[in-house]
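Order of writing sets the chain letters: A, B, C and D. Residues in each chain are counted from 1.
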Amino acid sequence: VVTLARHCHARGWAEATSGNFSVRAGSDRLLITASGVDKGQLNERDVVLVGLDLRPLGPGTPSAEAPLHAALYRSDQRIGAVLHTHSVASTVLSRRAAASGVLRLAGYEMAKAIAPVTGGAPPELCLPIFANDQDSVALSERISERLARSAAVAYLVEGHGLTTWGPDPERARRHTDALEFLLACELEAVRLGGPLAS
Amino acid sequence: VVTLARHCHARGWAEATSGNFSVRAGSDRLLITASGVDKGQLNERDVVLVGLDLRPLGPGTPSAEAPLHAALYRSDQRIGAVLHTHSVASTVLSRRAAASGVLRLAGYEMAKAIAPVTGGAPPELCLPIFANDQDSVALSERISERLARSAAVAYLVEGHGLTTWGPDPERARRHTDALEFLLACELEAVRLGGPLAS
Amino acid sequence: VVTLARHCHARGWAEATSGNFSVRAGSDRLLITASGVDKGQLNERDVVLVGLDLRPLGPGTPSAEAPLHAALYRSDQRIGAVLHTHSVASTVLSRRAAASGVLRLAGYEMAKAIAPVTGGAPPELCLPIFANDQDSVALSERISERLARSAAVAYLVEGHGLTTWGPDPERARRHTDALEFLLACELEAVRLGGPLAS
Amino acid sequence: VVTLARHCHARGWAEATSGNFSVRAGSDRLLITASGVDKGQLNERDVVLVGLDLRPLGPGTPSAEAPLHAALYRSDQRIGAVLHTHSVASTVLSRRAAASGVLRLAGYEMAKAIAPVTGGAPPELCLPIFANDQDSVALSERISERLARSAAVAYLVEGHGLTTWGPDPERARRHTDALEFLLACELEAVRLGGPLAS
């Protein structure tokens, strides 16, 4: 968890207290960054153990967004790590495309780092966008409901950033690196008057 | 003070002799970076002790902008550190929004790193913008007068950058990191033809 | 090979599993990064030896894009290293200029790092752009055919990035550094409504 | 010389073989980076001693742009170091503003790091812009002639970058850091449809 947080902070995706990071610890528990911690000064003591039902299992207060992480682990036993990053590109694009409720990323070879190739073209990624909500339990219910209807590899919350995941910390981090690259490309393309299909 | 200055220089917010940084040293004194020091080569000898009345209390000449720092410490006993950064985003946006006298940052989750949440939405930040003035005593008087009328978490000076503060050096730095992130987002949003509400 | 990959990853040109890098190992063999390796975690074991005919000569699976590298080494005995980078600028510009099939970079002094000066002006570079194709053998045939007709110092694949080369790893890396700089300039120029001559 | 070159390379202002750097070595000699050296791999052996008349005084071939450096040292005994950087911002803006022959930077507090304040506003900087020329002796004559008529703190060559100087290596580097910051600001301002007064 600490390694994931430092990686994302070093890249400018978890400034100040933003961003939160978790790893599954068995079938019904997770380790997550504590609430209100500056990601530039995080260390091992800032990681909290909680149940997937959010019951505290050790000292410390988990991130206020722990419900969003727990909902993902409950929804799919194969998810082993969840990263919520808060980059400039994800913040700006999630607001720009909010009205349509989805950001489509098509025609990018990098998408192969996240999803399998099925035809002659690189996979198209559709990131659902949710309105921001300070009530993270209510937000996690809206997200779970929509993801249950249509699978996604990641989602955006408006003005708030990207959440992605993977079967283990290494692959979750790789998905984050690839998606942040794609969001940086899409932001450039939008500036030039291109993409932002939706 | 040296740690704060190096942090900001490393991020490109205090190039050459720009930027100045201070920490409260008791109820009526402050430690501040010396005048004309290159922030890429700063060390402990480049920090000067002065009274809140700007009386010299040790060797060295304080930054020409010491009056701006002292005025903040005098206005609020809870302020423990003041950072003036000089980034590309704050320089460009402070000029762009100068005519309206304020830069509003709304709809950004990151604002929670600086101000408390009061409703269902992240807090809205209003940064006053002041015309630049080489007479920093006169400038500090105009700033103090306006901040006394309406509280703010930070302010901008046109073509000159951001000043923010906090109860201790760590939180002041966190406010700076969060605000510089928000200014970077706002600059992108303006490029795309969006925000810059004011 | 590992040094080249780390250099490009550190600059953001080989995020996640993207990018691939090779060095000639004698007249009929090459060393290339393995398939699906995260370039942020690459080490010596992730380099694979194959023949220029793509016959495996040791353990490991070569990058799926090995045919593109092998075709370059077969076409010109003087090529000693090939770098395929995947930067934001090359991804965005390769899509933007795809319709014209070529990206011209003219009037840039930096072009001298790649091609000789012949007159009073810095050399003009023409980068062919190819449609992306998940069948890298078919893609390499289209590329070889076009490069045989008109020499180029590098090429772009749409939404996929830059491939360049040189007589040895050091000069190949220099060509990559110079071309990525030129693509960054061209992206800025296009944003300002300028170049993108083609 | 090596320290200056590494500083500028690390900031992306001297990619590949671009950029050249010199320091005065007495009244009639200078130390300058050698011709065609990759600035990412420069070391002490890549620095050449020549006279201000460009006579070789030791082993090695000086940068092809040594005449531009020597002309500055000859024109003003107070110049102790000269830096030619090749950043994205200076390349793009020098082309954009080339027709007017000058780039004006006004209203920026950072200008105080380069020029003295004379009134209530920060100093205005005027950077002459010269057409590029592969004959660096001819180019240096055109530059010397214009600088003799109107003093400047730095100049631009179209598509080729920035040259600035100072009484010693430390201050020359500070001028470069400050000017590159100002060019980055100006590039953002132009993107937003602002400045580029000339």
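Note that in this section contacts are C-beta pairs under 8 Å (C-beta built on N, C-alpha and C of every residue); 3 or more make two chains touch, one makes a residue touch a chain.
In this text, all values refer to a predicted model and were calculated from it rather than measured experimentally.
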Shortest chain-hopping distance from subunit A out to subunit D: 2
Copy pair subunit C, subunit D: interface residue numbering same or different (half cut): different
Euclidean distance of C-alpha centroids - subunit B vs subunit C, Å: 44
Where subunit B and subunit D are represented by their mean Cα positions, the distance between them in whole Å: 31
Interface hub residues of subunit B, defined as touching at least two other chains: 191
Chains that touch, pairwise: A-B, A-C, B-D, C-D
List of subunit A residues in touch with subunit C within their complex: 107-110, 112-113, 117, 119-122, 170, 174-175, 177-178, 180-181, 184-185, 188-189, 191-192, 194
Parts of subunit D lying in touch with subunit C, wherever the complex brings them together: 12, 15-18, 38, 40-41, 86, 88-89, 91-92, 95-96, 132-135, 157-161, 187, 190-191
